[in-house]
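Labels run A, B and C following the written order; every chain starts at residue 1.
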């Protein structure tokens, strides 16, 4: 069976959408390493990336509405695009809140969480062209699940450290928690992307 | 094609369910404007509305189980009813927590958030009869998405103001945040309603 | 119609998975009654149970991929397994956070919340063999919905008490809230399990 150009369009669009996650994860790395004064610029770049993500999602929806044949169930492609978008929303919110709350210092360990997001983003971007043979992507969803598990552990230790530090200022703790909650939520969101891929694979098998 | 009475029943029931959201949003407007002593009465009315919502949902489920033909996939109608119910649950929780926590003063900006919920409720109630021609409802889900986007911005500024106010009492901040979190969650829940409508439209197109 | 061994396999696996929820709820009861020094041991047992849950979920996924015929839509079985897993994840997180945050004392009322989780777990474990006649399980999802409703009420009163106690330490309030949030989330997760069962019943009816 040869793939027609129309078929490959969906894989290209999903690959583009997932590529934005790699950009987003890179911006998060910058966000937590630059001085506070430069964070707003990084958050703005994140916002631009989030808009590119919205465009990619809309393009996928448009293709769904105008294509006679789609490689998978329409609603599964829609769900996958929407789940990829959710990841970028979480990243964008994390960056936005870091600026809004004027977080002075990120707690030690936050870079480990951001690094895990970077790995999940790369794996997702690499998996999307492979959607052509979705039943062979089990390594992808297993690795994403393992990363989510690790992210969860890092997150809990971050919180324990944050809450158990003597003399911690409650409002600072709350604000910092809001930001790292969004990072943990992004890790969960990657798992939801992987779940949709697994669901499609179950249907195709 | 003529619609049979059985077919129109689902659209009527969804319209009724969405009508409760308009009532709920109106009660939220009252909640944040009446003196603290009268809030419990408003929260009780909200609770009554939430029960009407449960009844509407149950009626839809019953119709699904007893109808031979349904205008869309059964599970999509079920999901739509359940998503409408979720909005009312969030509104009810916001009202309930405002009373339970004895919030003395809502932060400036909360009325903007409630107003957006009112607009989303009206749009949803107006869209439900239009489900007959669901593929023509793209303006609905686009507007709801735009409102959710605005609500998100208002919410973040509300939080920033709440957290960054000098000398803020941490417990008061936490309690207030809980209430406005439920309002933001209601805005998200409207988007989830719109997502289901869009999903149905994709299938029908 | 006689069920083939292959068919009964799914019901057995779902029953096993739901059985882990009964174990989990039992461990939560222990967690809130043992002295603080023994909590880590209970949390470890919970973690072991959560791994058993993961194994059960994986076994179901494997069966889905290797079975030619399944009693319900593959993706519904997958979703049900995943929703059961979510309950155990919440229970595990609650136990983990109670240890990590070194919660000295649980607020009065938390045992009522845990008891409701125990009832929901027992109902779920009893319902799974009955999936063979899923359309007859309406009592199950109605009872779970009623339990979730009660859990919600208990949860809100717990929070009101926690926040409105004079001289409460903000960080202690935050940490305690995190743990009871996970318990409330477990109650919600039971409702999501019941929702999937109801969805399957709607399709089968």
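Heads up, the rule we're going with is that a residue touches a chain if its C-beta (ideal position, glycine included) is under 8 Å from a C-beta of that chain, and two chains touch if they have at least 3 such contacts.
The chain list, named the UniProt way, goes like this: A, B, C = TIGR00153 family protein.
Nothing here was measured: the structure is a model prediction, and the numbers come from that model.
With rounding to the nearest 5, the Cα superposition of chain A (TIGR00153 family protein) on chain C (TIGR00153 family protein) corresponds to a rotation angle of 120 degrees.
Counting every residue number used by either copy at the chain A (TIGR00153 family protein)-chain B (TIGR00153 family protein) contact, under half are found in both chains. Distance from the chain A (TIGR00153 family protein) centre to the chain B (TIGR00153 family protein) centre is 27 Å, each centre being the mean of its Cα atoms. For chain B (TIGR00153 family protein), the set of residues that touch two or more other chains comprises 170, 174.
Within the complex formed with chain A (TIGR00153 family protein), the residues of chain B (TIGR00153 family protein) that make contact are 156-157, 159-160, 163-164, 168, 170, 173-174, 177, 195, 198-199, 202-203, 205. Of all residues in chain A (TIGR00153 family protein), only 61, 64-65, 74-75, 78, 82, 93, 96-97, 100-102, 170-171, 174-175, 178 touch chain B (TIGR00153 family protein) in the complex they form.
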